[in-house]
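You will see two complexes here that share chain A, one where it goes with chain B and one where it goes with chain C.
On to the complex of A and B.
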């Protein structure tokens, strides 16, 4: 058999297998609901998505299928998840979403991971009429965006709410006489950090705080010691960092090494990751951070247990529960409508309230305002200490040393 | 003093990142775009063994180096040697090796994501350490010392031993090296493997103080490339000095002017050197 023959046989073989695959595929498609998921598996945001996004999709799909699938008018249907890696690249994301819509012909798509991606991909989801229940997306343009895209929903709050939470916590500490009014503030120099710092500056000043150190640093800065040294030299009462995962870890480590004594120490994204507690142990007791949860809430406690059992790892103490709740909203809306009709499902989400792990969620102008804004590591658990429309916030504690 | 100490430590980190690529690019003529991934692979090994077996990253480094040496030697023999053979000139080899190693970097990222898709974060020697009146992190200091040991050993080996001299000869002129009886394919494979080992060993140390993830390699490749070109391709002293210089300048700018301008300052020096000394600090002008 020469090489040409081998090639010919191989390609015939492949064609047969391919056709068989397609046939079984379309047979399968009739009795499943196809759900697309595009989020980073590689690139700068992959580490975060591997904590807050992907495990929840796995958990949700397993639980829906274990109970027999989604209850529709023509019987129960299981969900089938089709995943793509957007490589933390908005262009790739849009291509993958287009592919899901036109080639895979999925019934629904799970909203992207990250603020920029939710905004960048909104037009493509809107074009194909997919409801987009965004979670990890914090923006002050919520009103404008929901006005433009009728299928776009927000569940984790606005930039102002997010910053306002920190202002509340620090004001509370100042009123009790625990801290003075000097704040050192740093931010990562990308869209997320810059927007937060821009919103925070006037809010802190309005609340009577004085910003004694205000610097930014590029994403991926390998040595953050000059920043902690500079902040320490300014002798502040509180330290606030609008940071991303690698620098959240880096700033905290440097603060421990420099023995940076402040009464309130706040880092943003990834403070709520179990890995943060795992890395620093008891040293980060009373560190403040973005997010929070109430592990004593029976629904949350049960969710955390199931997450651990199914995915083998702990959920984070912030967006994980919101991400799962958004999937619950989608499932309940599909069941409520009784068919995979995207337009009806979108309308259903607008008109109804949903029973989720985050409690009862209801959308007003496509925005559900029920989320934690600030959490604090208290004896090994990252508890919510400030929230919008959620009860059960723990009292804020003062940071005393890095032991 | 703060600036000097912190800057030198950062420079040591950069040296760890760049020395391996210098051997691979300067001697074996392989523009290895998967260099950063090799570094992250070392970091992953350190993270994984630390979290599962509480194994010290320094021990991991000692294990990783020979493994990376063998791995890179195989990569060179199986994947890159055919490219070297068929390349008619230096330019073609450069293009081919860029494409091949670019592909390799994706494969490595995929493998690492499959092993651990989250951040490689753990705490090792994250203690304050007093040196010349400045507080630094002990893990950074250890990395600096190891970088220094590797760097000095490499420079001595290259300058005062027979195989080292052969490596330098290949780096200066492949054709002439053949004429004086040097086994160029063997020396090239050796340099590529040694470069990979140095990079992976650097990764294990860097993982103790920088939080890495599977896809972060490209950032290190870029830094390494800048340093190698600044120092002069194929010159180990040049890479080490360029790395220290970069560390000092970035720290000085971050402390005295603004942390936001560190990247700008790094690229400014790079640009300056490209403009006024395109062959690099220690490089010889091509004849």
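On to the complex of A and C.
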């Protein structure tokens, strides 16, 4: 290779990189409130973040800027969002959060997507004094975590609340005489699935239920038919699956194939995704799942309409509204303080209540206990049937076949 | 002992001392990059210790790393055992695993080893999930410590330095000489009376020990451990890519590979958050096109040209 050849190759290479760079160029606005956002755009959690996290950030930023920006002491300021992909990797997430804090010097950061990422990023938020209003983070360690990190807020509940919701719903059905007391319970053998099953066993037993089938399956297993066949053979009244998105779909599909007749059928994460209803249509009528919302609430109805108009996507029937509400809390706290002072904003969040799409939110010991725990697909809509401190739960229906 | 050997270790010692000052200069973004780079330096050097001389591409990094991280999390979260006790215990579990895997596969030729290690991380992840699910249970694995990024950085630096020192000593020992012969022609090595299997397994165990130790130190940084995050097949591949980018003929090869890789990766992540994978592929193409023998090859070629 002679020098001219090297030069020619090098310039071709540079031209390719340069053109690509121009394509992703984005203009910077002056005199704005800079808001950072780190969440997965690639990796295992990217699918969930693309439903519940990113569209809400887009919607919120657009709405704040359309009304002229955040009202501060020295006039209105628009928000500018700086986004990074954490690639569903905690190490990458920490780097990106550090970059937001020390290089981009953002005024505020939107809390991460996923329990693990909220916990991994908390020390950085704490170090730089950013308030962290976590949504998609469900933990039984809320007390210890909020004690350790004074700017960390929780809004979607604890593992125990989450399981307790299911216990309430099934107990209610039993009291009405709709179901007996036999439960088939399965779980995905991975972090959160194991934790949920662990919490659920004693709670079900305490409530007088008999667990007639208790099995787990490995994460990512493609064949779930033995699980459903086994559960069916145990002849239960209710089926409960502590499942992740892929197996929520897989278990439902097998239940339809096997025509698994139970009076209550529950799958956990992703049952609330519009894609779930879209895939199974009327077959999953009366299926129970994690989350829920009240589409008849005018605020929620309006939020869902705006979400669809601006982002072109349906919000999910669970964490989407909470995610948007957390952003509303942040905006109201910044406006309440009147300046981008993180310490004052954190204190403001602790001391005030906020008017959001989820109703009035107030933090006690940095924890807002106002969320849906169980929802049910009722005629094409995933309605909340059990909640903590929210009114308007729909009556639970009995599952009747897979038509 | 040759003069160049002492020169090499002296240079390395100087670099370690210099690197120790990084957290005093910066404590934000650049430190977090330095922690990531130091993690990969330690992992890639440990990898080269075994795979450099033997030419066996090991994809077991994710498995060993995961054992370290996972055991620390389980011990601290479920049994209230201190971080230091778990840090002392966990790497030995990895050593036992390395011995078993090594004994099973290293007596065969290289390809069986590669294929076996490819699935190892996934297999161990499945195994620990199964044990946890059926016997131990879990309430979420939290690793909450008071370590700062600086502490983690220094611990990683010490690990990297020790791995390098061990590698340097092995290179000058009977074991190192045996490994070079095995790498060049295993048949010849056997005929010379070298117990090739024992030599390979011994080295693989050392690699396993330090890789797990890196996993132990990183666990407090992640704070919340999920099996599929620490038993990451992607990590195994990244380490191999970085080591190859640097060049595996020399123990210092991975170090010169990791630093530019980390910086390129960071530049891509920052500039093109919506297309990281695409640009990563593009830069690989450019690297392979222009520096096929890694940075070590490039540096040594330039050095030869200057002499000639």
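To be clear about the criterion, the second predicted complex is superposed on the first by the 373 of 403 C-alpha atoms of A that agree within 3 Å, B and C clash if a C-alpha of one lies under 4 Å from a C-alpha of the other, contacts with A are read in each partner's own complex, and residues count from 1 in each chain.
The rule is short, and it goes like this: contacts are C-beta pairs under 8 Å (C-beta built on N, C-alpha and C of every residue); 3 or more make two chains touch, one makes a residue touch a chain.
Computed from a predicted model, the values in this text were never measured in an experiment.
Enquirer: Of the partners chain B and chain C, which touch A:103 in the superposed model: first, second, both, neither?
Expert: second
Enquirer: Would you sort A:366 into first (chain B), second (chain C), both or neither based on which partner it touches?
Expert: It touches nothing on chain B or chain C.
Enquirer: Which of the two partners, first being chain B and second being chain C, lies in contact with A:294: first, second, both, or neither?
Expert: A:294 sits against neither chain B nor chain C.
Enquirer: Quick one: is A:56 in contact with chain B, with chain C, with both, or with neither? Answer first, second, both or neither.
Expert: A:56 contacts neither chain B nor chain C.
Enquirer: If you stack the two complexes on chain A, which partner ends up touching A:144: first (chain B), second (chain C), both, or neither?
Expert: A:144 sits against chain C, while chain B stays out of touch.
Enquirer: Report for A:132: first if it touches chain B alone, second if chain C alone, otherwise both or neither.
Expert: Neither partner.
Enquirer: State whether A:189 touches chain B only (first), chain C only (second), both chains, or neither.
Expert: In the superposed model, A:189 contacts both chain B and chain C.
Enquirer: Quick check for you: in the superposed arrangement, does A:253 touch first (chain B), second (chain C), both or neither?
Expert: first
Enquirer: May I ask you to decide whether A:216 touches chain B, chain C, both, or neither, giving the answer as first, second, both or neither?
Expert: both
Enquirer: Enumerate the residues of chain A that count as touching chain B in its complex and touching chain C in the other.
Expert: Dual-contact residues (chain A): 41-42, 44, 189, 216, 218.
Enquirer: Quick one: in the complex, what on chain B touches chain A?
Expert: Interface residues on the chain B side: 2, 6, 9-10, 13, 109-110, 113, 117-119, 121-123, 126-128, 135-137, 140, 209-216, 219, 247, 250-251, 254-255, 258-260, 262-263.
Enquirer: List the residues on chain A that touch chain C in their complex, please.
Expert: 9, 13, 16-17, 20-21, 24, 41-42, 44, 83-85, 87, 89-92, 94-96, 98-99, 101-103, 115-116, 119-120, 122-123, 139-141, 144-145, 148, 159, 187, 189-192, 194-195, 197-199, 216, 218-219
Enquirer: Residues of chain A touching chain B in their complex?
Expert: Listed in rising order, the residues of chain A that touch chain B are 41-44, 46-47, 50-51, 54, 88, 186, 189, 215-218, 220-223, 225-227, 229-230, 245-246, 249-250, 253-254, 256-259, 270, 273, 275-276, 278-281.
Enquirer: Enumerate the contact residues on chain C facing chain A in the complex.
Expert: Of all residues in chain C, those touching chain A are 28-29, 31-33, 36, 39, 126, 129-130, 132-134, 137-142, 144, 148, 218, 221-229, 232, 266, 269-277, 279, 282, 286, 289-290.
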